[in-house]
Amino acid sequence: MGTVNMAVDFGGVKMQNPINTAAGTFGYGWQFQNFFDVSQLGAITTKGCAAEPWPGNPAPRMAEIPGGMINSVGLQNPGVAAFARESGPWLEQLSKDGCQVICQVAGHSVDEFVRALEMYVELCPWAAGYEINVSCPNIAAGGAAMGSTPEGASSVMAACRKVTDKPLFVKMAPVNVAEIAKALEAAGADGLSVINSIQGMAIDVHTRKSRVAKPKGGLSGPLCHHIAVRMVWEVAQAVDIPINGVGGVMTGEDAAEFILAGATCVSVGMANFVDPCASLKIAHELEAWAESQGVKDINELVGAFEC
Amino acid sequence: MHDFEVVSNREIADGVFSLVISAPKLASALKPGQFVNIAVPGDASSLLRVPLSYYRADAEAGTVELWYAVVGDDTRRLSQMGPGSSSNLLGPGGRGWMVPEGTRKALLVAGGIGVPPVLCLAGMLAEQSVDVDVCLGFGTASKAVGIDEFRALGATVNVCTDDGTLGTHGFCTDPAAELLGEGGYDYVASCGPAVMMKKVAAAAAEAGAYCEVSLERMMSCGFGACNTCNVETVDGMKGACMCGPVFDASKVVVF
Amino acid sequence: MGTVNMAVDFGGVKMQNPINTAAGTFGYGWQFQNFFDVSQLGAITTKGCAAEPWPGNPAPRMAEIPGGMINSVGLQNPGVAAFARESGPWLEQLSKDGCQVICQVAGHSVDEFVRALEMYVELCPWAAGYEINVSCPNIAAGGAAMGSTPEGASSVMAACRKVTDKPLFVKMAPVNVAEIAKALEAAGADGLSVINSIQGMAIDVHTRKSRVAKPKGGLSGPLCHHIAVRMVWEVAQAVDIPINGVGGVMTGEDAAEFILAGATCVSVGMANFVDPCASLKIAHELEAWAESQGVKDINELVGAFEC
Amino acid sequence: MHDFEVVSNREIADGVFSLVISAPKLASALKPGQFVNIAVPGDASSLLRVPLSYYRADAEAGTVELWYAVVGDDTRRLSQMGPGSSSNLLGPGGRGWMVPEGTRKALLVAGGIGVPPVLCLAGMLAEQSVDVDVCLGFGTASKAVGIDEFRALGATVNVCTDDGTLGTHGFCTDPAAELLGEGGYDYVASCGPAVMMKKVAAAAAEAGAYCEVSLERMMSCGFGACNTCNVETVDGMKGACMCGPVFDASKVVVF
């Protein structure tokens, strides 16, 4: 262990290694404490919270599909205040133990995003940064629709930028990423998470109904991976701010693909459900890969894809 | 997380298997109504675990017995795991049955593959010398499981089948409602199709008996991290994997 | 057999059943003649041909990925003239035997599309219709870039409309489909094929190079399916012309999902490689499903998704 | 399409397996240098077939023997198919070796898992009483296959390993070039890594000997429908699955 420097700087968030977790797939972190020592991860991103609690969508919220899953959670969350109260102490300790905590911000409108971020800044000062989720496929307003245009996405980013100087990231919808990334960079984003789940539909052909609560849901898992790698590469060509690669990371090699395509850090999502220890395992596999590449520093491999 | 080895895995009714696994620590930790979340290896296109209630655990032998129906890909692959093959599971998961202290007479209503957690509960109630009446419903005779096991525990068992091939022709919610109407039950428990549990809950409420139901939800993680297993209750959305799968039926809005 | 009417009218192409094949995955049809009686399919769509022969991309052109494949064929084709000469007689006979033949048109510019279509009209009069491919992810000009905007896609369609009154379809790129579909309908398309392969990237993390000839390639297979179903549904909400559902159809139930989402016919792609008899098998499975739904006519199920 | 049943499947060198299948019609149809395209069931995330050359076919017994290296998921799953298990394959695929009439002396050069189609060819040449010299290259001794089989056919065999653990330390293209320099060969055939075949082709060209190479390409279909198996030749792009896998080396631009 330890011949390669694995520490990376993700837009001001100093991570001891490039492994992060994808919002909504890692709860508030403590759900994993009985499985492994979470403080060994580079960062975790907590499930998006809004200024007020959201009930989310009715059941069924999930269906398994080949190579992944479709979800329709609809950003159920207890609101920032309850989150800070219930999960804050554990997360604050986690960040002291070396794992950075990025808190995700949810909202239905620019104002709601700003309100939620203000509450985070006040109630969760231990957070290393905040990720603005303008790309949830499962909410009517403030989700993917808002994040799918340069104007919509950057209006949220610009308003949030006024709230804090702390690192601010945007979770991007998987559409038109290069152009939207440029707008987000211009609006002051410190980094970009690429990509959120892809809108999909799964129909039960016997009942003729959606297999989840709404017609559309968000697709996660390996099926997203090679789409996400392409989008990370497109964003890396378009902007200078760092990228968090998200989508279908199951192994260290999947993470390595993101790094080569230009990601500074990588988030593990659905894999956390398959194996609760996946993120740590992937961190180790990524380090082994970096060693096999004969580098001294993982940063040498960021964007090292040859074409 | 527990590694386990398959001790036996055999078909006990049409499409229903009994799986006995060796997992010593788990065997002594499980409580009736809890579940395990099993990784079924072999197909990288089908990744999520299979949540299964357990029927009985033998702490001394270090074994756990589960009954499952083959309904899709994962359970089909599970049915192909022979003795000696191994994998891992998460558990114990969730909250089990919370039988009120002082319970004297219980009515248990189970449908189809809802039998295992209810049979498990019956075992516990028998140890506590609670009087147990049971109503069981199956689609057809060939799919019936657990009848002998309930009887062996001393329970009075009413069997119904949808097609009349075994026991009474009809739904088991009818005899259950009748029994509840007769009164005397201080505890009712049910697991099976949503519509069945809803009817049982309504009948229990009418009879003034405390009723618990074990709800099924699509689970992505099984340990509180994903919010996909939501149950709408009068107290808001609750996760079935942590706050359930057993719920106080009077609090459940959507079964 | 035969209690349900399976015949459909795809924008003027009268198909005996809704099963079509995806361009580029079924060669020119005769490659499958030793495997099964191709004339039992509703239609086949032949590999895209341009006015002049194209050499396509260098090797490697394909890599297998979980749940699918990535290809970088780059529309290698012998040109319409050689195609008509070499495959024409077999295809003409096929259409006489009851299976409609849709010929795909390739080009790098509006002019090239028009030239190729003119040649088809002259040399392949037996074709039931033509599919304009404005969405190939593997060519520099005239591919996905052109098909990814309403203006680009509809400019090709409008120019081709002037060439012939025969059924003209457009193979759509998997981006912004509702808006582009409306533009294509306005430009005179008789139907839409939704979707072409999704742009993706697969990196060999040991060599740090793309696993195919170019950085990006096109993703096919089950991994596309639930994205494609969603896009078919979006297009069905947006336009009145019929839809050909394409993407990850491996079984009759996958085809049924497309039908419920609003597709009139369904194309089998990668599945043809896995099992050369897949398309016929899927046609039978689709019919069995239609029977199980208690309808007299498969057309009753088109768009019968309940939400 | 042929259904087949596994007769045996055993490791004959480190990571290299011999698979014998029963497929009577196929066994009498195959010609040296052709290939089959095998469906390896079990994992819905890995769908495409595995193209494999064959080593020998026994028309009477109705069996075909293939040698394959475990390099990834599909070949790993293939190695787990025990006797009696079954699947299907497409074949015979492609065009085999086209040994010119009147060939008297041949040089065969094979590297690693390129051995099977070359060994198959050697068998045919032996029947035709062609003099055969063979140069074989392997990464290391534990991965060597076919040496005894070539010798049993009466061939003179030169073995090289990259690490010197068997035979000469170095690449087998060196003795091959030497032999070609000595002259007398009217036919050269090679299968192995691209760089090896390229060198052999160059040496053969210099010696004025007709040379064929069996090229490997990623194949999606194996029967001419997909255009993913392209080989750049002086006559344009050719599909390896129909116009190959064996090509006249002098026409190949990219090996």
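By written order: A, B, C and D. Residues from 1 in each chain.
Quick note on the criterion: a residue touches a chain if its C-beta (ideal position, glycine included) is under 8 Å from a C-beta of that chain, and two chains touch if they have at least 3 such contacts.
Chain by chain, the UniProt names read as follows: A, C = Dihydroorotate dehydrogenase; B, D = Dihydroorotate dehydrogenase electron transfer subunit.
Just so you know, these numbers come straight off a predicted model, no measurement behind them.
Asks: Give me the chains shared as neighbours by chain B and chain C.
Replies: In this structure, the chains that contact chain C and also chain B are A, D.
Asks: By CA centroid distance, what chain is farthest from chain A?
Replies: Measuring from the centre of chain A, the most distant chain centre belongs to D.
Asks: So how far apart, in whole Å, are chain A and chain C when each is placed at the average of its C-alpha atoms?
Replies: 34
Asks: Starting from the mean Cα coordinates of chain A and chain D, work out the distance between those two points in Å.
Replies: From the centre of chain A to the centre of chain D is 47 Å.
Asks: Can you pull out the residues of chain A that are in contact with at least two other chains?
Replies: 66-68, 222
Asks: Touching two or more other chains, which residues of chain D qualify?
Replies: 44-46 - these are the residues of chain D that touch more than one other chain.
Asks: What is the shape of the graph in which nodes denote protein chains and edges denote touching chain pairs (line, ring, star, complete, other)?
Replies: Shape of the chain contacts: complete, all pairs touching.
Asks: Mind pulling up the chain A residues that touch chain B in the complex?
Replies: Those in contact with chain B are residues 24-27, 31-32, 35, 47, 55-56, 58-64, 66-69, 71, 73, 76, 221-222, 270, 272-277.
Asks: Considering the complex alone, what residue numbers of chain B touch chain C?
Replies: Against chain C, chain B makes touches at 44-45.
Asks: Show which residues of chain D lie in contact with chain B when the two form their complex.
Replies: Residues in contact with chain B: 42-46, 73.
Asks: Going by the contact rule set out above, which residues of chain D touch chain C in the complex?
Replies: Those in contact with chain C are residues 1, 39, 44-49, 90, 217-232, 236-237, 254.
Asks: Any idea which chain A residues touch chain C in the complex?
Replies: 65-68, 70, 175-176, 198-203, 205-210, 214-216, 219, 222-223, 225-227, 229-230, 233, 253, 256-257, 260-261, 289, 292-293, 304-307
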